[in-house]
Amino acid sequence: MNANKIGYLGPRGTFTEAALEGLLEGQSDSVETIAYPTVVAVLDAVRSGEVGRGVVPIENSLEGPVTTTLDALARHDDPLVIIGEYALPVRFALLVRPGTELAAIEKLATMPIAAAQCRQWLDQNIPNVQIIAASSTASAAKKLGENPDCDYEAAISPEVAAKHYGLDVLASGIGDDSDASTRFVLVSRPVKPPTRTGADKTTLMLFMREDHSGALLEILTELAVRGVNLTRIESRPTRKQLGDYYFSIDAEGHVDDARVAQALTGLRRVCSEVRYLGSYPRHDGKESSVAHGASDTDFEAADAWIAAIRERGSGRS
Amino acid sequence: MNANKIGYLGPRGTFTEAALEGLLEGQSDSVETIAYPTVVAVLDAVRSGEVGRGVVPIENSLEGPVTTTLDALARHDDPLVIIGEYALPVRFALLVRPGTELAAIEKLATMPIAAAQCRQWLDQNIPNVQIIAASSTASAAKKLGENPDCDYEAAISPEVAAKHYGLDVLASGIGDDSDASTRFVLVSRPVKPPTRTGADKTTLMLFMREDHSGALLEILTELAVRGVNLTRIESRPTRKQLGDYYFSIDAEGHVDDARVAQALTGLRRVCSEVRYLGSYPRHDGKESSVAHGASDTDFEAADAWIAAIRERGSGRS
Amino acid sequence: MNANKIGYLGPRGTFTEAALEGLLEGQSDSVETIAYPTVVAVLDAVRSGEVGRGVVPIENSLEGPVTTTLDALARHDDPLVIIGEYALPVRFALLVRPGTELAAIEKLATMPIAAAQCRQWLDQNIPNVQIIAASSTASAAKKLGENPDCDYEAAISPEVAAKHYGLDVLASGIGDDSDASTRFVLVSRPVKPPTRTGADKTTLMLFMREDHSGALLEILTELAVRGVNLTRIESRPTRKQLGDYYFSIDAEGHVDDARVAQALTGLRRVCSEVRYLGSYPRHDGKESSVAHGASDTDFEAADAWIAAIRERGSGRS
Amino acid sequence: MNANKIGYLGPRGTFTEAALEGLLEGQSDSVETIAYPTVVAVLDAVRSGEVGRGVVPIENSLEGPVTTTLDALARHDDPLVIIGEYALPVRFALLVRPGTELAAIEKLATMPIAAAQCRQWLDQNIPNVQIIAASSTASAAKKLGENPDCDYEAAISPEVAAKHYGLDVLASGIGDDSDASTRFVLVSRPVKPPTRTGADKTTLMLFMREDHSGALLEILTELAVRGVNLTRIESRPTRKQLGDYYFSIDAEGHVDDARVAQALTGLRRVCSEVRYLGSYPRHDGKESSVAHGASDTDFEAADAWIAAIRERGSGRS
């Protein structure tokens, strides 16, 4: 039984591993964590049942969406759902084998997104360094620490990876923006959504019917009229042709909220396809604002009223 | 038992009586019809149970709403519902006692709304005539025919009233607009609405929450987002102060249509009060246009989809 | 030269005359006031140039719009504009010839709208009285006071008419609602609108393009997107056929406000016809709320910005 | 004078160079093209005046926006504008030094986005290859061809680069999707926009006022009410904190279209900041659909009408 196995973007020492620990905090069940080399490999392991859940990065406060993750969740025929999220401050360190000096670094390895976030420090300190693309920040550190044939002299990585792989921290806090953070999501095969908390978020992929101008306004109106706020929207390519998009969105609230459920049914009626990607507690615990008339109680009262009208021509009790 | 008694704005010979006959056409039950002197008297008789149903005029193609009827339906604490409507071409005739000539007419009686519609003919033919307000066109004819002390010489009335009250038709078709018509409604105490036909209308009174600018846009959006068209809207005074209104509206469709029911629940959530005044077949048999995604089947499919998501995280069947 | 002649719905002693006095208060020019027997006669006198301006009732706090006035302004090919408004508390009195007692009253004359507002008092005090329709409340009093052949014994009228026509006040304050008031408008042939005050209103008639569902939502959006509030809306019959309407609306603000002007141009682009019926100071002096970004300064800054972009690709100053 | 110098993402042989040639086609002026190593370097050269214009990739049909470009255009205090765009089918080839066989490839260099698009071919043919991040596809080929110390054996690059750098094409058309294409833009310092063609696009960055839910619906309504369609929208991080975004959008039409200009002024009034990034002919020549009432003629007629009303109270000519 693999329900207690959790895959993550490894190897040990990645920000993703730290996020995984944050996501599990307070849970009493023992879990086994398994590192995978790529985001796609993590999601495939969840799909196949090799692991029960997976943790992958989905958004960075500087660079925006991790499109690999967005697209891998959206496009596969076998959908997954998000059941939790976690935001982690991102601090980068420059790791080297013990004894290496800055002047000796000709090549360094890291994820491209991490290199981009350390651009200023690199330009000022080792402007001519060659960047080698690694599939994760920790994998760059791991190879440097464990593989004698490694052909680069440094890795940009979370500081914690130094300890795992026997490396020295030559510089820390080298990111351009000290407030940077990354959001990670916990995914599983489709399951009953986690209990709503009042501070939830729902993620959707929306595909438009063809030749339908004003479609986006229509979508937003379906949400607004039920008092559901949008927190993020992205045109993502459908991969058919340039300029053909679907929308990736996050909305406030949980599918168990009446207002969200009714907004979703509205979207389903006007879109060609709505893919539900999960309702889950927000990382920041910020409660959804509920507009006048948009609480569950309001929806129930209105439903009872209409039922009475249909039965006896009057909604009075 | 008064279920088969129907009150109408009398006396015999009114347009309302003709509308009543139209509304009953094809019904096999025997009914007893009872004339009342005013619209309010008809509605009060329905409220008290003296009659099971009532017929009153509600709108004229030239003058607009019969506000007495609109307001009497809306404002009373004991609401009634509309269960049918009928539109009748309105042709006016000038009735006199046998032998009376045009030149001899100094005063004539009719409803003020009827006089208004014959304004041109009167100005050209008897410009100095004095108009006496009657509570119905037929009551003016009835008094002229039956009461020797009657102090006016003519009545503007439906032509049929001549026969009932022993009068002559001095001129017919004297209305300014030969296409004029009046709409009448059949009302009852609250009952299960008549079976929907696909060509129905729903009448509502909407009261806004206070200090809420943009409220009307909000109301229309609640209807539009469910694909429900509005056919009539009126600001009607709440009688509190000048400029304080409620809205009287007619919408396409029946409360048993999913789109109408959901629009109504939406209105109830955003308005301070929604008074349901009935769903009933349209007089013109014009079928409601149903926008893409707004059929009952679409609503049911969407509800099943959301139920599956709530249960197991996926709406796929 | 007739510029200083003002027509009103007479005769002397009507509420309209009182409203005229209110409208002229504080104006130093001497004016000549001329009474006309009907609303249409007042408007025709303005159109012909017989008088420079006219005063007519347009709305009552109990009964709603004076549709005769609305329609006479809207439908005539030779349009007029509203240049002022005034609201007057409406108190009705029962006037009789000196010596007449209540028990002796068999017939009374007044405007039908006035009789409707005194319904309760009449039902309780002289329930069998016959109502004779007069073209104004004061004309009923005038005939009673001046014409020995008058065939009714009482008039419902403003109390002031007693003095004008030598009558006694048998009962005063007989209206059902002591807070009732009527709104009157000052109209003229098209002229440059009165200077805006910040507490203005603009009246429009809107005709839709055919076969265009959702048209009303579109209209309201044109107003809302420029931050213009609607204060009144009425479906009024076009007189073509039952169910065919134009919209009569009042909006906050003055055509000299940038937001109102742009909203009007938007309406003109989407409607088949927009008839401008005037911008004028509100009777209640309530200032228009101006949403963020909707002031004249905001509109001017935005226009300057777009001009700079068109000229040199940058809106920076 | 540098007006005829054009910078591009080099070195020679990149897709960007091919796009530059497409953009210049039919222009008679002689130009000098200069290769820069990064997107940011190209944009900086335009900003400094070192070159008059620059060409950079902005969107890929598979991966979506080139966020480096979007952000570099949006965030810099010294804004640039887009004055043209070009779309290029993207076909990748695997280039090697003459004689290198597939089995000998341990490392290959390319842009990460290119590697992502050849994922399937790589997994099937050289699954264990190590990917080295290059700043452009052609730079990877150039180093391989020109630098004997180059430590990788292959480059993924446009096929044309083989000729420039003396390499062999070991495999061509290795992209996962044979219809992939990339969109490139021609940028300059702010200048009067290129003449409108009727098939144009306008790019904007929109920053919201704080704490303003429903802001996105408001933005879209500003566009829709003037009949302006949106073709792309992206939440892009403001880099302040996770979940704080600005919107990057493309709209149909040109700032010289009245409807676009008025929509932009509307956006400027409701947003905290609108950054104009250019109006330019669309790469696909697709003409903007112009809704009823949204042509320049319609806007001019409406403006003349309102001017007449302001002047003399009537819009009739």
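Read from first to last, the chains carry the letters A, B, C and D; within each, the first residue is number 1.
FYI, a contact is a pair of C-beta atoms (placed from the backbone, for glycine too) under 8 Å apart; a residue touches a chain by one contact, two chains touch by 3 or more.
Please read all numbers here as calculations on a predicted model, not as lab measurements.
Where touching is counted per the definition, chain A and chain B have no chain in common. The chains that touch chain A as well as chain D do not exist here; no chain meets both.
Residue numbering at the chain B/chain C interface overlaps substantially, since over half of the positions present are found in both copies.
Taking CA atoms, the transformation carrying chain C onto chain D includes a rotation by 180°, reported to the nearest 5. Chain centres here are Cα means. That of chain C falls 58 Å from that of chain D.
Chain C has its Cα centroid 60 Å from the Cα centroid of chain A. Chain geometry summary: the mean Cα position of chain B and that of chain C are 26 Å apart. Multi-chain contact residues of chain B (touching two or more other chains): 221.
In terms of inter-chain touching, the protein chains here make up one closed cycle, each touching precisely two others. Listed by label, the pairs of touching chains are A-B, A-D, B-C, C-D.
On chain B, the positions that touch chain A within their shared complex are 79, 81, 190-193, 209, 221-222, 225-226, 255-256, 261-262, 264-266, 268-270, 274, 276, 278, 292-294, 298-299, 301-303, 305-306, 309-315. Considering their complex, residues 59-64, 67-68, 87, 112, 115-116, 130-133, 151, 177, 179, 181, 183, 213-214, 216-217, 220-221, 224, 229-237, 239-243, 245, 247, 284, 289 of chain D touch chain A.
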